[in-house]
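One chain, subunit A, appears in both complexes that follow, with subunit B as partner in the first and subunit C in the second.
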Partner chain A sequence: MNNKIPKRTFVQKYHLIGWGWTILFVILLGLSSAMTGVDWGTFFTNLNQFFVLVEQMASPAWDYIDIIWQPLLETIQMALIGTTIGTVLAVPFAIIAARNIVKNKVVRSVIRLLLNLVRTLPDLLLAALFVAIVGIGPTAGVWTLAVFSFGMVSKLFYEAIETIDEGPLEALRAAGANKMQIIIFAVLPQILNNFVSYFLYTFEINVRASTILGYLGAGGIGVYLQRSLSSFQYAQTGVIVIVIFAVVIIIDGFSNWLREKLV
Partner chain B sequence: MSISTMNNKKETWQRYSWLGRGVVIIAIYIWALTGLQFSGVQESAREVSFSILHGLTHPDFSYVYNGSGEDLVSLIIQTLAIAFLGTFVSALLSVPFAFWAARTDKNSRWHVRSTTGKLVLVFIRTFPEIVLAIMFIKAVGPGSFAGVLAVSIHSIGMLGKLFSEAIENMDRGADEALEAAGGNRADIWLLATFPTILPEFINYTLYRFEIAVRSASILGMVGAGGIGTPLLFAIQTRTWDRVGIILLGIIIMVTVIDWVSGTLRKRLV
Partner chain C sequence: MVEKLIEFQQVRKVYSNGVVGLDNINLTINKGEFVAVVGLSGAGKSTLMRTINRMHDITSGDILLNGRSIVALKGKELRQLRREIGMIFQNFNLVKRSSVQRNVLSGRVGYYPTWKSALGLFSKEDKEKAELALQRVNMAEKIYTRVDQLSGGQQQRVAIARTFMQDPQIILADEPIASLDPMTTKEVMDDLKKLNQDFGITVIANLHSVPIAMEYSDRIIGLRAGKLVYDQPIAAVKQTDFDEIYAEKQEG
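Right after this comes the complex of A and B.
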């Protein structure tokens, strides 16, 4: 008779690991509540203040559109140029960071570390820095979006390059091509479709991001968002939010349509 | 013969279609480049860049910890607390939104409940987090509690979408088994649906936590607590050694959190 029922250990029987995680989680929740001064009492008593603002935003001042359509277009232009600069700059870095192109581990790790560092910085933080460097205006916004998309796209690119078919590379190498020729004639043609698709994806994200960059002075519609909020014109804020919503939906739809056509 | 000429004709048309696309793309770029008013780079740009680099290489280490509660370590912990609490509340709030937006009927593209739910989620996602933070500051006063509320509401947009996709793609075997065994709706939800989707929900919540840490570190720029307030102040007063140490702090914080969350998520799957 060998059919013994497996016995549960003490830890398994009383679900000690699960309880451990739960207790740790509750402690963390308690500590963070204390840290952030959570006060649900004032929240619920003052909630009507919040809804007063929502109400004001829900009755938008539509004639404000005459003023904001120009900065809105500027926002899209900023996103387009910023994304383009970022993605184009990302290509050489992605190639150097790809495992199947550069065999030197040290070079690859240094580049990857650099790309990781760029990716940790949030968009508004970059905007604050670039406003300090190049001054108030859309130029700061373009640089912010360029650096932001560079960090995002370079990672997507080197991951795409690592999945390409090695055949054409070997064929070119056998025919005596040098590194540059291999990259131009074997690597780039294989990732061109990915390139366009990631470009559109990044463009979508950048359109969203660019709408708030102006809050710190980096051009576009965000400048007017900040102006309306600081002058308590919430009806104007409402218009801006609705217009941003419409533009984001249109751009997303357009870019999804293009991407589906490509695949 | 006639077929081949037709094919040739199509090919000549196709041969030149790239030209049309190229013209459209070039036109878009000309529009973008001429529309932007490049303000020109300030004369001090070079100088400022060098001072930033100098600040980054010579950070103000005295700011790391001085026991006042306004130092780097305390504010980094506060930022993490905002992200953690905000993501937790948002994960709870996202569940009903996810069931609202999930399309369980695969045959029709339009569904009144699910399409309205998806639209609401898109709207929450596009509503700028900073505006939300300012609105909550009006309600509860400046401080990290407003940041927690802003993260909680804004994250619903993305978490609700990811959760609803998890519901759409879940394995319904356990549901059907319980139904066949005579379970009522509450049984099915509690004993089959919930355990099936829980790992995926936790996975997405951890992923969103990584993003929330980044956004919590900038919410302070409008006065919603965390490390953003001293950072913006340091940039505006041009104390670059202070900017340098705060940037280093944010980079280390984000890297550590990404690593911890990534390890946890790998163990989940």
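Right after this comes the complex of A and C.
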């Protein structure tokens, strides 16, 4: 038996494949910036403007908080309601999309295609759509977040369902349980913790996303963010940024703590 | 009086990949028997067992339960067949995140409409029956414990209690002791034997251990490569008989 360390080939020795990819990437980067007309100079010439802005934001108009705490609360409410609606709707779809529950490949594929389509819609596009449908205000925001969460959570859910122990499913089937009873007694108890964890995770994401939705008229603090920016009230913008920052950190921390408890 | 319970008539099972699982099985199992099925892995023991509760369908032949053919049952009738046949698994197959009580009660869901079981509306009698079932297997004090806190032997006993909830005519035990230590093996086998003797439940158990099979069963059946190669009442079984069942290759 030959037990020698083999010699590396020329390609392996000089990492030619790695170099090839790097060079290709640099060429593509150069080409695309040439095509879109990127002027590297402007990246930096306006840099001083950035510092002017930061300077103005650095002295926040704290009394502005009295006006924005209400829309801030609305933002969180939008996220909570939207996430709840989306998550609850995702449960039946996730069950139908799971390989180990629905053996019929056609049904599963149709549902998965539908879920994929929903997931391709970016949240800002959804917001623009819903503002057009239900009008300006937080209702549009709730709908946006509901659809957005539905797309995301349904995928996370069905992937979680596919990892469960199938032994209890077999046992329940052998005991004469019907499909619904198998889901209730053998599937749901195994994934309940995952469900709650994904709900919280989505809620975190939605709190962040919903701060922006107001930009498109979908309610919440984004409306005020846009107003202060367009009227050059950077001191007010500063307050909004700081408050959003604080709220997101608190909610992330709380939901992380809760999710760790669940595991 | 001997009463026929299960009859296999020229049962053949070919898997979709062409492998023959069962090859022309003719077999009658009587009410109240404790039958041990022995044979090498892949000999068709699990397949034979699962054709009785239709977890596996057969390719040709017929299986009668109390004189009635079961091979064509569908939907509700199939579920009614299954709820009268308990099943015990090597890996216990309990829901680990649920309580012992809920696992035991889940053995009863075949007798409930979906909405009632979904809301956990089990009758008082059934809740008492669950307590009784757990007492029978010495697990009463663990009723509110989560299953993942129990040892393997304890889990198998909970699984037996779950089966008991079905009021089964038959219990199919697929390698019930394969993942247990010798001490708990004895407890679990004793539990099965008690169900067999006290309630006249017919027990069919796939066993790897010949000594255990000789100790507990009334009759031993041997399978090799999907064929029934051995069938004797326990009084007629000789130790040397097993050489043939466990022979790796057929002679000749």
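Just so we're on the same page, the second predicted complex is superposed on the first by the 240 of 263 C-alpha atoms of A that agree within 3 Å, B and C clash if a C-alpha of one lies under 4 Å from a C-alpha of the other, contacts with A are read in each partner's own complex, and residues count from 1 in each chain.
The rule is simple: a contact is a pair of C-beta atoms (placed from the backbone, for glycine too) under 8 Å apart; a residue touches a chain by one contact, two chains touch by 3 or more.
For clarity, every value in this text was computed on a predicted model and none was experimentally measured.
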| item | value |
| --- | --- |
| Simultaneous placement of subunit C and subunit B on subunit A, clash or fit | fit |
| Touched partner set for A:167, first subunit B, second subunit C, both or neither | second |
| A:190 touches, of subunit B and subunit C: first, second, both or neither? | second |
| Partner chain in contact with A:46 - subunit B first, subunit C second, else both or neither | first |
| Subunit B versus subunit C as contact partner of A:233, first or second or both or neither | neither |
| Partner chain in contact with A:124 - subunit B first, subunit C second, else both or neither | first |
| Subunit B versus subunit C as contact partner of A:78, first or second or both or neither | first |
| First (subunit B), second (subunit C), both or neither touched by A:56 | neither |
| Of subunit B and subunit C, the chain that contacts the larger number of subunit A residues | B |
| Contacts of A:178 with subunit B and subunit C, given as first, second, both or neither | second |
| Shortest span in Å between Cα atoms of subunit B and of subunit C, once chain A is used as the common reference | 10 |
| Subunit A residues contacted in one complex by subunit B, in the other by subunit C | none |
| Subunit A residues within the subunit B interface of the complex | 28-29, 31-33, 35-39, 42-43, 46-47, 49-50, 53-54, 73-74, 76-78, 80-81, 84, 116-117, 120-125, 128-129, 132-139, 142, 208, 211-212, 215-216, 225, 229, 237, 241, 244-245, 248-249 |
| Contact set on subunit C toward subunit A in their complex | 53, 55, 79-87, 89, 91-98, 102, 106-107, 109-110, 112, 114, 117-118, 159, 162-163, 166 |
| Subunit A contact footprint on subunit B (complex, rising order) | 28-29, 31-33, 35-42, 45, 48-49, 52, 77-78, 80-82, 84-85, 88, 122-123, 126-131, 134-136, 138-141, 143-145, 147-149, 214-215, 217-218, 221-222, 225, 228, 231-232, 235, 238, 243, 247, 250-251, 254-255, 258 |
| List of subunit A residues in touch with subunit C within their complex | 165, 167-168, 170-178, 180-181, 184-186, 189-190, 192-193 |
